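Chains: A, B, C and D, in written order; residue numbering restarts at 1 for each.
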């Protein structure tokens, strides 16, 4: 083995720390695009109320993106927690995943700005698909390269199945844009809230 | 238990690291909205002095928000320190709390821009209320789910009481806006300084 | 003791993690204010060269601020390293210090924009003074409250002396603005490079 | 030894944490410069498609910079992992390296804005060269000062050789701008992908 590869990308802790940093910045930057209305257009409380109401759909898009990032943060954190060690290839798969994370504030701003445009929704979905594909690839690589500490077959399958089901739901939600982008967004937010709140009622709890 | 839930959201350390990241970015972004005056309007030291004096109320709003974030950082850090472990539900409650943290730069910019508007103050207060409610919910959940390492009944009650008293003071301060938003801001800053400085004189030290 | 205070602000590690986050964001945001020239004013390589040359003084100001933040990061890191534990008061002193850190991108942008104005230099100096005063207060408090792990009298004095000498040099440098702000900046950058490079030649190494 | 130097810059962990923060912020800020098109110029899906296609070259530049930062993150992480301890000089060499990291969003924005200008490419290359030179200096210093935990001669040489080869490739790629900046960018991206993907085919795997 190339001696450099013996020390490159070995530290799961450092990878986790970088991930936490990128997620933290991306999560906080989402809202950075939400600007206070310009002062010179606001002359009364009512003006301000109207201006803020106009921002409401944007806020929903940010909430959706925060949920997305939250879901993927929990997902990658779950993966890194069961890894005994890392290597250079895994680090790069994870860096690719973090690149997709760093694109989320842009995709979100685009979606918030062009909420009724299918193209904005499809690009948003492409970003989520990239996140899912790279998370899946990281897990499969880690499994095959023997980097996991203690994950039985059942858990290996559960993690993969989970990503696939979630991506199928995202794809279905995005496909709903043939009707209307708002229908898509509503569907996606509901699916995400289901993941976040994790209700204990039958069929929903199993996805 | 769903095998995925056995590994999702388990790490208190990762949750703490993400929190520190989100707080660090939010605290630093607060001031990002404080722009240096445009160069072409400034022709003398006196011009610059006047332009900076106009920024002074904004700086006070930022200080208030930094104190708010500091208080909640100390609060969540105190909670996470006594947690023996985490789980997926707790992670999501905490992610909700971090979403409220990520909204603070926006609420702050709005308050700074429209310092005399009651609506801006009430939205700011709603953000603080959301922070408090989610911190309270996290603690109560952790208590009931048996996630705490070593917190006697006295401490459990002390943490809850503390959040409720603080929120009552924030609500009272915000209610003062029926007179004037400046009265509200002054009251809130004084309460926060009391929390930060923690004087040892009787009644103040007990709140 | 109030039961809350038994768990609030106890963790030196969390305080260090928050500090690293705030410093990392502040250090990176410094340069965020350095915008690429607008594309429509640039028609040739020579145009671009001229536009970038105009940015050169700003880059020097950023370098100065990066050095400042680097010096204070090394300083606070040295302090936290020898602390056995923290408490709520220390956390708040340190949060005050981090507030001063979060102001640096603004002070820097102001200085970069108004490089020839004494007022900008004096505000920059006030920011540095605040950093030094709070770092000094943190150390003195930690010493008196018995929070240090293993720092003999010699080290206690060395840390305090170091901060006082550095602040005296910053004050002297800022006072040079009675001649010219450029003289001040040059002096401060030289002093900072001396701290960063830490030459081993006699008198310079002892400051 | 000056007593202050006994505690200043000692912690490899803190240095790693600051680095992860700076890299995380820089990686995420890269994309911050990618703005959604202004809403008033977009009246149809086709308009949006055209506006986004115009952003495509910028996205490639961001990808290139993310790869650059990823490569240097893996590199510095590999170095810090084998360090038994740090000292003040090493901390400052590493802080210099982080300053070069913090410049990357600016260099990237400049390159993205002026993609056909040689000067923008050369400044970008200067930034990469600075990163490489400081990483090399950090390693050589750590080697000579005996700060490494367990790195045999083979590894010491491998790390240095790696940096030199990579810098030679960056320099060669940048020199290609005598033809065209796009040729340079294409060459650099290919080299970086080779580093990231680390194919196992003969000559490529050895660089």
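We adopt the following convention: contacts are C-beta pairs under 8 Å (C-beta built on N, C-alpha and C of every residue); 3 or more make two chains touch, one makes a residue touch a chain.
Predicted, not measured: the structure shown is a model, and the values here were computed from it.
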Original post:
What's the chain with its C-alpha centre farthest out from subunit B?
Top reply: D
Subject >> Self-contact between copies subunit A and subunit D, residue sets same or different by half >> reply: different
Subject >> Distance from subunit C to subunit A - Cα centre to Cα centre, in angstrom >> reply: 35
Original post:
How many angstrom between the C-alpha centroids of subunit D and subunit C?
Top reply: 25
Original post:
Which positions in subunit B touch two or more other chains at once?
Top reply: 17, 20-21, 24-25, 29, 32
Subject >> Contacting residues of subunit A [partner subunit B, same complex] >> reply: 16-17, 20-21, 23-25, 27-32, 34-37, 39, 42, 45, 48-49, 52, 63, 66, 70, 73-75, 77-82, 151, 154-155, 158-159, 162, 196-198, 205-206
Original post:
Which subunit A residues qualify as touching subunit D in the complex?
Top reply: 2-11, 14, 17-18, 20-22, 24-26, 29, 88-89, 91-92, 95-96, 98-99, 101-103, 105-106, 109-110, 112-114, 117-120, 123
